[in-house]
Amino acid sequence: MIVLFTDFGLAGPYTGQVNAVLQETAPAVPVIQLFADAPPGQPKPAAYLLAAYAQWFPQGTILLCVVDPGVGSARRGLIAEAAGRLYVGPDNGLFELVLRRAASSRCWDISWRPPTLSASFHGRDLFAPVAGRLARGELPATLASPAVPRGYPDWPDDLAEIVYIDHYGNALTGLRGESLPPSAGLAVAGHPVAHAETFSSVPSGAAFWYVNSNGLVEIAVNSGRADRTLSLAVGSEVKILA
Amino acid sequence: MIVLFTDFGLAGPYTGQVNAVLQETAPAVPVIQLFADAPPGQPKPAAYLLAAYAQWFPQGTILLCVVDPGVGSARRGLIAEAAGRLYVGPDNGLFELVLRRAASSRCWDISWRPPTLSASFHGRDLFAPVAGRLARGELPATLASPAVPRGYPDWPDDLAEIVYIDHYGNALTGLRGESLPPSAGLAVAGHPVAHAETFSSVPSGAAFWYVNSNGLVEIAVNSGRADRTLSLAVGSEVKILA
Amino acid sequence: MIVLFTDFGLAGPYTGQVNAVLQETAPAVPVIQLFADAPPGQPKPAAYLLAAYAQWFPQGTILLCVVDPGVGSARRGLIAEAAGRLYVGPDNGLFELVLRRAASSRCWDISWRPPTLSASFHGRDLFAPVAGRLARGELPATLASPAVPRGYPDWPDDLAEIVYIDHYGNALTGLRGESLPPSAGLAVAGHPVAHAETFSSVPSGAAFWYVNSNGLVEIAVNSGRADRTLSLAVGSEVKILA
């Protein structure tokens, strides 16, 4: 299975062209569209989102990950192996948390090059063909050389910020549920927010935090949109009160 | 064929995770994404939309339907068989019109449980695995117990409200075309709207109603957006003038 | 491979119903969703976008193209063969640039009719079944009669307008990169815009133009949205200064 994690959007040409390359390179492999609206051009919040969602997929999954503001510059392309999954994408911190949380990991600098490489769309021209080749069984070492990825040691293990606003207006943080006691209070954008088990535990219109189905601390409003009610956006700071 | 009817959105993780579960559970079965933007958290308008669109699909189709504001509460999960199609989703009125319009129907309360059931994402953890099992040939009775669904007898047979705004700004009502004579005038948000056969029958910028390609009364503006021109939203009342 | 180029949107029912028809008609053929947000109801800018993106696909690709404000009127349905690819869609100019740029081409007027043809959704009822039949090997001549498409001789070879705003806010023009020297300056909405090789060549927040990965002149802002920074929309005029 190939899983797409990108900031490409779905309606325009980017995801479609990537899917066409995957279809031509690895026709028998199912492709799952996970995120097409990862934080645009922001590898740091995207890295916390990716680490939380990637672990839900089975061993052997190949994740094609593109949040790539440096496309066209000298940044490298990586293959990363972590906890039994393979990741393909830019060396810009996107895999920092996946790698840090894995018991063991390996990385390679992609040396394979396509006949034509555009300056602005490595997702289509470089990363998708490499992901397709891995999916049909080629080994990382045939496409890439062992490498140490760029490190981001100053990034925390859990990020006390909003990293994603979902379709319902719920605000996902970069905090894992296991990092907070249920008694913890949070404050976001000046609003105190207490814990609840789920939506139906609080009155309509009330804000609360809970641990979502992928293990992240999420801020929501029952029958409402947390992003509008609390004025939240990707990057909004979260304070842990207790 | 499995058909998805949800309020999950497409760009974020919800539809992708559901597709991954279906792929693992019933790999050979094609999945069609019908609606990912059903009225969020509003089973009543969604029920009229679903009933109009489900009938277009062939007998034997399995419809995975999730508009589920009560997720995490005690509401049941249903399998419904109506007019030769199977429906899987919450017992909250979403299947009320499908069931009411079917010559014969049966319902089951889902007793199957996954190893892990999140409080907030039964679409992924409960309904998708059940839909996948039905798609690969398991019988409802192996996954669920016969049950009478919650009834909504006060809901009308046709709903004189806007139930969906489409990508072009056209406003779909919960009225079937067969419930109105072509001579009927409508009023929405204070604007009178007359019948026309199709877009090219009226001048550019003019509002009209017509019976859309799935049998619903739809309000549109030729070369314009009815939602903006007439200030319409899901829930806007429609008056039948004659 | 069948490629979809439409203004249908993805979240609502239109793309889903088209996919269901293709699945039933040509089950073994992969379908790639390229554009679902082509300029709504505007065949002219859509024609320049289509011509630029279609050429990226391999010979033998079938492109199902629907930007169709005249649906329900007397406009014809076409099959066009150009440069080894087949196109199916309305005879409204959408294929004008594809045909004009092809060394050789042929066109047919679709005579095949479905058992039921709605007035408002020929994409589902007419064009998708025809595309599916072509994909499974039926010949154009079995579905259509040779015809000369409507011509648009006053449309220029390159269109100095914005034809698409992408997910990142980048503004694609209808100008091919080969039509401009790299020294050319542009002006859009009163703003002068100079050439750069790629995003990382200019400071954060700066606007520039470059030739995108499909050969079109595109206006972008490094780490920003060109549409908002420069107030651009589909139809905004582009002036070539030198």
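Which chain is which? They are A, B and C, in the order written, and residues in each are numbered from 1.
Going forward, a contact is a pair of C-beta atoms (placed from the backbone, for glycine too) under 8 Å apart; a residue touches a chain by one contact, two chains touch by 3 or more.
Every value quoted in this text rests on a predicted model; they were computed, and no experiment measured them.
Of all residue numbers seen at the chain B-chain C contact, under half occur in both copies; the interface is built from largely non-matching residues. Annotation, chain A versus chain C: rotation angle of 120 degrees from the Cα superposition, expressed as a multiple of 5.
Inter-chain spacing, taken between the CA centroids of chain B and chain C, is 30 Å.
For chain C, the set of residues touching two or more other chains reads 9-10.
Chain A contributes residues 7-17, 19-20, 23-24, 27, 40-41, 69-73, 118-121, 124-125 to its touches with chain C in the complex. Chain B meets chain C in the complex at residues 1, 3, 9-10, 30, 32-37, 53, 56-58, 164, 166-168, 197-201, 210, 212-214, 223.
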